[in-house]
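Chain naming follows the written order as A, B, C and D, and within any one chain the residues start at number 1.
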Amino acid sequence: MVVVMAAEAGEADVQAVVERVESAGAEAFVSRGVNRTIVGLVGDVERLGTLNLRGMRGVADVVRISVPYKLVSRENHPDRSVVRVGGVPIGPGTMTLIAGPCAVETPEQTLQAAQMAQAAGATLLRGGAFKPRTSPYAFQGLGEKGLRILAEVRAETGMPIVTEVVDAHDVELVSSYADMLQVGTRNMQNFALLQAVGGAGRPVMLKRGFNATIEEWLMAAEYIAQRGNLDIVLCERGIRTFETATRNTLDISAVPVAQRLSHLPVIIDPSHSGGRRELVLPLTRAAIAVGADGVIIDVHPHPEEALCDGPQALVNGDLRELAKTVRDLPPLVGRTLTTV
Amino acid sequence: MVVVMAAEAGEADVQAVVERVESAGAEAFVSRGVNRTIVGLVGDVERLGTLNLRGMRGVADVVRISVPYKLVSRENHPDRSVVRVGGVPIGPGTMTLIAGPCAVETPEQTLQAAQMAQAAGATLLRGGAFKPRTSPYAFQGLGEKGLRILAEVRAETGMPIVTEVVDAHDVELVSSYADMLQVGTRNMQNFALLQAVGGAGRPVMLKRGFNATIEEWLMAAEYIAQRGNLDIVLCERGIRTFETATRNTLDISAVPVAQRLSHLPVIIDPSHSGGRRELVLPLTRAAIAVGADGVIIDVHPHPEEALCDGPQALVNGDLRELAKTVRDLPPLVGRTLTTV
Amino acid sequence: MVVVMAAEAGEADVQAVVERVESAGAEAFVSRGVNRTIVGLVGDVERLGTLNLRGMRGVADVVRISVPYKLVSRENHPDRSVVRVGGVPIGPGTMTLIAGPCAVETPEQTLQAAQMAQAAGATLLRGGAFKPRTSPYAFQGLGEKGLRILAEVRAETGMPIVTEVVDAHDVELVSSYADMLQVGTRNMQNFALLQAVGGAGRPVMLKRGFNATIEEWLMAAEYIAQRGNLDIVLCERGIRTFETATRNTLDISAVPVAQRLSHLPVIIDPSHSGGRRELVLPLTRAAIAVGADGVIIDVHPHPEEALCDGPQALVNGDLRELAKTVRDLPPLVGRTLTTV
Amino acid sequence: MVVVMAAEAGEADVQAVVERVESAGAEAFVSRGVNRTIVGLVGDVERLGTLNLRGMRGVADVVRISVPYKLVSRENHPDRSVVRVGGVPIGPGTMTLIAGPCAVETPEQTLQAAQMAQAAGATLLRGGAFKPRTSPYAFQGLGEKGLRILAEVRAETGMPIVTEVVDAHDVELVSSYADMLQVGTRNMQNFALLQAVGGAGRPVMLKRGFNATIEEWLMAAEYIAQRGNLDIVLCERGIRTFETATRNTLDISAVPVAQRLSHLPVIIDPSHSGGRRELVLPLTRAAIAVGADGVIIDVHPHPEEALCDGPQALVNGDLRELAKTVRDLPPLVGRTLTTV
């Protein structure tokens, strides 16, 4: 950390900073410039963070140098990780397709969507039984009934299940059905939920908050990792910006940036970021080309009747094109489509 | 609602829309323009919302006209509401000062902060026992021990307590101590928590998500109201923008806008939006002048030792100025400082 | 356009709207809902736009339905356009690589950068002689001397030149050297400049303002087109968001969105959006995969000595990888690299 | 400045940085931490800025410590400045009301608006003759004819004139009529224009770019100041955020922040930020309370017929309330309304 003293700070102010730092067992190096003095700190960052240096007289700013997450950081773990979900790998060298309906509605709709997904090359089935909805008047999901449908479709198709959990106290229930727990964008800073999934013994897909910086996303992953669970897959799904032509703005650069900062796999959700069907294929191609470890896509046998996010679900014609894309594009970036 | 047809939509596409709308028991009015056809819908918006019109062939856009919240809307409730917290009113005609420490640390610190707050004109005591923190390595609050300290300080000072709850399953515990439950900015779309506080029988302070539109904020309030609790106070605390000179950007316009859309009281948190002590007084003055129903402010007897957000806590000198501000400014906008 | 009446609007208010619309020679269709009345307007949008309907009593909102640009819109021009720059095409079917130094510094540096670019597959040379810089203390470019260097390098390499113009009154000078005029992100709404380049008889590359919506970008293109110049290439180069890990956030979705709304070619600048060398290749791959008609990239023979944006310039090792990418990836999305 | 070395940087990388810094005549202080080495630099920041340290091997980041503007900075000019416009002061101790029509349309409309403004307490007249419009199809202003109308109204009312200039080459013409030149939000980084108004010998009102950080705003002011003109008034007018309930989000905190960083006066435009008439008075009160040195407000005798921004213009009834506000509120924050 570096403490930047204000232009008007006196020698006594600088000394006070040095003394507080040293009394905490750390070292302080003072550099006196023409207009400013800066103090470089060497020691335990967590400890230094509690010293409240920013509140001291004469301090203009405190700049953190090292990253505030450890377990998920790539600094001490240079090899990128592979996370396995019911035997299906997500990580370097492969490109994993996860697909399925936004919401589980009926056994038939879920099975059809799964078969469509599988035909396109998907090896993991997504589907929501608990849906976080902005409006209290919108469809909230089937709950445990939906989980049972997912389990039946898994038995039928052999596809492991990825499904969302929205309340810390449902984690045990959802874990008893799911192969992978999804934490949604609105819950990325629901710390009680993060801690609960950290203790659940299941891989976790952590969607980036649409409002969250990449650093906050990695800190949210750190919450999960701290409970002993390092099987975390990061999922970029668009951020909120001033642009209204798309539902959110897909931050495609987040993939290489997060892969450089963290050893965890990073995938992209092209369906929710764009919010429109005609954007899904172009964004899927961009996701694979930029180096994502996977993509997660909404499919629905009858999107015009979907209870949730119908306008962005792929339909049959699109799926042939999707199948071609996930087969042909990964080899150009040194990957192969994950198969079972 | 209005359905905007694409330029290339044919007559059959328009008819399909009309038929789906009419089959749902609603009416459709077709207006044919030179380049476009639009279809105006009259009927139950919730029902129309489930028809997935946006996914139909030839539909370019669906524009919602009426607001998606009802219970908190001012349309059917033109008089602005007063919410009472342990007898202290928040609403039109008054300006209520809520103050206290960001986090409860010790009985002494909390009592001193409460007395400082009271001397400045505060009638409600804020203080966090459960703290949602971005980093898993930061101080997370004292939990129930903190709640007991707050109750003791209430007994000593007579000030009702406002405190945060971060997990749906703590609502009962926190409600057994608190006079008002606070839902924090990172939990504004934690729907499980919103529903739990809706059933708790305590007034709720709902902080705006730093990423949330005013409409989403009111929809979150609707979640609480739906459980039968209309004692909700909205609290603007800054939104995330590209500007980094302040922690967040205080959206001062949100006060008149939300007061016009909803009958609920709206207050401002000048401490967390700016994140710097020297901004608290100017922003408090702006908050009162713009017509806020109250302000909520961090105070700490020794901010340089605070475990949470020390740099923004007001200290003794500032408090004399605050006392003057909250006494002299409200009358100029037709309000008086709330007293007990 | 659709006029949404306020809930409290009376019949007289509705009539006043209808009369003003009809007096302007347009038609008004009234739809009366349970809570709201809406009025659909059919007629000349520009004319309707001047009626100030939003300011009338009882009007809650005015929603525009058709797009506010015409000449660049794809509605009346369904085929996507090809823009030729000194004989080099930019448009559907091809993928054009534009590369060169951010700023022209010396004849040697410019020639070397051009040869590096050409070896990687570039057919157009970029290079700035007039540089808009945020700080008045930063290098502002060589001016006409830089243009002469560019012309010499064109003579030597055969590559047509793309270069920026920052002042309406330099357009004639710059046009006398350049094959394509670039309007930079900070000038996207410099309307005097847009009109000047519209009359210059040279193709124009219009960078998206880092603060501009896609609609505003197309309106800026409309300013140029209105002066009779339809040889416009749109260039996405990142928008400003809350994320600070990258210089700007590349809005990759803007490519398919703008290509659907407008017939103009759309290219991507992966160098300026990310602002870091290690992001350039992944973002270039994403750009090609998403369907961009071209990419524009910074190269510099000695980036550590560059006077402008050195940290993002590609160096020799990267260029071999770039050459491979621009050769192998376009065929997978139905394009071929433009050659001369 | 501080150079942060990457975790993997070697001793040779650190030495290379030190040598480059010292060869530029500056000093480098190396602090070796457990994970990182940082190098503190002391010397001429402009010179250091050209060394491209960020591009060197092993460098993770370069953090600037001192501010990049000098002439407008408060560091070397602790007293806040007063700018006089035709004898009317804007600065500490006073609160100056500037008002008038958004666009000059006719002599009658302009005179009536000026008289309304004057009756409300305004001492400066605003009015646009050159209008920068997002759409090429919108009213672009009367040009020099508008300037002549403003001059006539100044002769009639005695109010000095503030008017916008949009092209560097109109500066001389506009200066021959205007008492103060306005640079609009879309031109805040039109550097050619900034330099031209810097040399015009007239006070300048510099609107903040709706996309600009406070630092960039002050750098734009530095461009003007560099040409010898320090009579600059900064005007906050709202920034672009994700919130769509208001046209822009008024960044009220920008006033105390900019006043602390710069000695220049800072005013607020409540009309353009909110974009709605009912927000103008609340935001004006907030502006005065937060400590703005002035406010600039749209008034129009017949807003429903205005050719520009009619929906936000104040009308007669509002103006009585405005007159009361600008008279009664400033004394509470230690100011008095500027009179002539």
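Quick note on the criterion: a residue touches a chain if its C-beta (ideal position, glycine included) is under 8 Å from a C-beta of that chain, and two chains touch if they have at least 3 such contacts.
Only a predicted model underlies this, so the values are computations on that prediction, with no experimental measurement involved.
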| item | value |
| --- | --- |
| Any chain that touches subunit B and subunit A | C, D |
| From subunit C, the most remote chain by mean C-alpha position | B |
| Between the pairs B-C and C-D, the one where more C-beta pairs touch | C-D |
| Subunit B-subunit C separation of Cα centroids, rounded to whole Å | 39 |
| Whole-Å gap between the CA centroids of subunit B and subunit D | 31 |
| Distance between the centres, which are taken as Cα means, of subunit D and subunit C, whole angstrom | 27 |
| Sequence positions of subunit C contacting 2 or more other chains | 211, 240-242, 244 |
| Residues on subunit B engaged by subunit D in the complex (per definition of touch) | 211, 213-215, 239, 241-246, 249-257, 260, 273-274, 278-279, 282-283, 285-291, 328-329, 332-333 |
| Footprint of subunit C on subunit D - complex, ascending | 46, 49-50, 52, 54-56, 68-69, 132-139, 166-169, 186-187, 189-192, 209-211, 216, 219, 222-223, 226, 240, 303-307, 310-311 |
| Interfacial residue positions of subunit D with respect to subunit A in the complex | 2, 4, 7, 29, 31-36, 38, 40-43, 61, 63, 65-66, 75, 240-242, 244 |
